[in-house]
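In the part that follows, the structures are each spelled out as structure tokens.
The same subunit A turns up in both complexes below, where it pairs with subunit B and then with subunit C.
Up next, the complex of A and B:
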């Protein structure tokens, strides 16, 4: 709860940093499609090697790149165990009470863990290597075809970028409120499920009040500076993709297509 | 308090999208909390109630997507049906909140909420039955997953959301639905 699972932007001048934000976002979606369609363990090995290459190219320290996934090690362990013990009851190694560990369960567990792990690390590479403003522009650019059906894409991109900026703040705020409620006797660490659930509920109203207070302040500040949602003064011209952007897109598409077709 | 402005609606939508990422982490300590308490639905429904259909739709689409990208939950395989479900929640709740006027704030809120929650569950069930799990999805699985397992979440949402809306009105952060003359 205390730390945001995905890293914040770290300025740099690597090849990955220099790529266009929208090209990087597109690459991420293409890679995720490929990861989801991977059905074999060697396939995940190839993805892992590719991800390590990306991290090296982006000059991201391994602690930053894998930190978000490492923080979820207990979650991965639980998922692996649950799949191992409950997934394949047809050919179990042994049966004991409700548990029937099997080879199929183990493989399924590895699949799920590998997919979530890769998804986290790839998202992390994007977030660490792309400035928030470049991310907003990237979202706006990718959403721009929706203008044809009257969707205000600049407004949508502004909303999404403000949301991204708010996430770390709310993690911190929720953690503070959680500590305050613990001091008042809320039992978040109780082994009893009902007590845990009872402790979480009083957390929600203060979290929402604090969040809406921030929304109120920010909207007032924006309106005071003349921001209006109905004003379309100019149409943004996006710079064309460079050779490196096209190369990255082609590489990602070829890799993902290989996994989807095979 | 005057009518809520479009800029404020936009920022509230952004806040609700961010809460879609943060709130499920608060429930993380409780096993299977995602399916049982559905914490991500709370900001989406609230966004629909306060900001209206289009903003609720955006929140419902972006909330699960951001949560998946930032925290890995929901997993990529569960993401598309969840995005459809949440988008319909936000959109229908918002549209009902705009059209239903019974002169009682509680009645308006509950009609909008129940309508939105039903529509979202029907849409998600249809999406799973026709697209994502075509041929392998039954009525029993739908009822079990969306009504029986999620019953604690439904109760929490119905109890909590009107309270949050009233708390926000009392704090002057959103305008009263029927201002006293």
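Up next, the complex of A and C:
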């Protein structure tokens, strides 16, 4: 369960690691806009080369960078197949029952898969090179204008950070309870849907009870360590962007703009 | 310091509870019942009792996580009943809980350790030095960039202790901090606590395991929310009847001492640690 992308932050001192979290998050949004507007196969090649450069710059092992996307290979296969068979009924290669595979469908499928793949890998580069608290700080910084209309952005960022922090523990606990119940005869591997459902229901009760207990203990521990929601003692001052942050934003904006305009 | 000077300058009570009463239930059943207890500055006090004896309720009062319903309580020389003192008391009183995993707010050690100081308004520039000092105090220097969820149980608990130390409190409260650890982890944490006490911190350790408390200056035994006895570990732990009334098991050397005595083998005194027992048997 520790392979979950949420727990994949790998401390480092690469140029990507050293960029400001909010600058990285903005860069990601800009790059995603560019990826979504890409409409040619050579374009995806350029994006792929750019992504590989980012991975090399961040010193991220390829297995980590591509891991979450690689785990979705079946999903990509289904997407490709569905586009291939259903997208372009005007000029199909052949027609059989409801299936009409076409060249347009194949190209559209490649577009969708390439976009989702790049989206996942680029997000992963951000997750792996940005500490979770830096990430919540980044979200808080980007959302901070909403404070003007009374939205408690710091509170939302803390809730998100704590929730992310608990995901591996939550999965580990679920796995432990599942194993304990399997030892007592529960059938999670049964092909029968009814038996599977019967086994999962009793799993939910202890998992949620444990989650509530953890939440209760964490809130006490946070309070004991001075966290308060009524008044923010710690006035956060966001550091100004450095030259590298501006350069990264400029580079991403230029690349994305080129694809959007062309 | 000579006895005369000590008598002239007695060590002040850093914690003083008088007739403390607390009830969670509507029916008025008391979790703390007229409890009076004091802790000297720099003292190591172990609070013992079986499950439901009121130990954790008392600990939560000391950090003002629970409001004083009845009675008087002074913590770090501040009145705990005054709402204006709540955050000052929490700054002076660091509390470590049973399960280290439920205390972390970040995956990364240094980020988690920065949480407390930031909440208490410590200047950002000062925080890295505090993190380094806290890690050194728990013998985990160099772990700043490590992931909290990839550490061993003992290491996690020591990081949780470091998280409290970054706020630089005067009083440290440990609420059953070793109960979820393996023997090696327990030893790591026990040694850390002993080191912190040697450095002058006031330590209040809550436990139901007497073995954890033999190194304390004093021990207090709670039963049904009341203070059953208070004294040195030797005074209390060598009294099997008292421990039986409190629902506690005497330490192994004490049990062995009484078993040997029952079989007609008399040792010169009742040992409370394995080291003392070994020394007696080797004599």
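We adopt the following convention: the second predicted complex is superposed on the first by the 205 of 262 C-alpha atoms of A that agree within 3 Å, B and C clash if a C-alpha of one lies under 4 Å from a C-alpha of the other, contacts with A are read in each partner's own complex, and residues count from 1 in each chain.
As a convention for this text, contacts are C-beta pairs under 8 Å (C-beta built on N, C-alpha and C of every residue); 3 or more make two chains touch, one makes a residue touch a chain.
Here the structure is a predicted model, which means the values were calculated and not measured.
Visitor: Scan A:46 for contacts with subunit B and subunit C and give back first, second, both or neither.
Guide: A:46: touches no partner chain.
Visitor: Counting only touches as set out at the top, which of subunit B and subunit C does A:214 meet: first, second, both, neither?
Guide: In the superposed model, A:214 contacts both subunit B and subunit C.
Visitor: Determine, under the contact definition given at the top, whether A:162 touches first (subunit B), second (subunit C), both, or neither.
Guide: both
Visitor: Tell me the contact category for A:15 with respect to subunit B and subunit C: first, second, both or neither.
Guide: Neither partner.
Visitor: Where does A:132 make contact in the superposed view: on subunit B (first), on subunit C (second), on both, or on neither?
Guide: After superposition on chain A, A:132 lies in contact with subunit C alone.
Visitor: May I ask you to decide whether A:80 touches subunit B, subunit C, both, or neither, giving the answer as first, second, both or neither?
Guide: Once the two structures are laid over each other on A, A:80 reaches no partner at all.
Visitor: First (subunit B), second (subunit C), both or neither: which does A:224 touch?
Guide: A:224 contacts subunit C only, not subunit B.
Visitor: Identify which of subunit B and subunit C touches the larger number of residues of subunit A.
Guide: Counting contacted residues of subunit A, the larger count belongs to B.
Visitor: Taking the contacts subunit A makes with subunit B in one complex and with subunit C in the other, which residues are shared?
Guide: After superposing on chain A, subunit A residues 158, 162, 169, 214, 218, 222-223, 227-228 contact both subunit B and subunit C.
Visitor: Given the complex with subunit B, which residues does subunit A contribute to the contact?
Guide: Result: residues 1, 4-6, 32, 35-36, 69, 72, 112, 115-116, 119-120, 123, 155-156, 158-160, 162-164, 166-167, 169-171, 174, 178, 188-189, 193, 196-197, 200-201, 203-205, 207-209, 211-216, 218-219, 222-223, 227-230 of subunit A touch subunit B.
Visitor: State the interface residues of subunit B toward subunit A in the complex, per the touch definition above.
Guide: So the residues of subunit B touching subunit A come out as 5-8, 10-15, 17-19, 21-23, 25-31, 37, 42, 46, 58, 62, 66, 68-72, 75-77, 152, 156, 160, 163-164, 167-168, 171, 173-174.
Visitor: Give every residue of subunit C touching subunit A within the complex, in rising order.
Guide: 60, 63, 65, 87, 90-91, 94-95, 97-99, 101-108, 111, 114-116, 118-121, 124, 145-147, 149-150, 163-164, 167
Visitor: Please name which positions on subunit A make contact with subunit C in the complex.
Guide: Against subunit C, subunit A makes touches at 2, 7, 9, 11, 131-134, 158, 161-162, 165, 168-169, 214, 217-218, 220-228, 233-234, 237.
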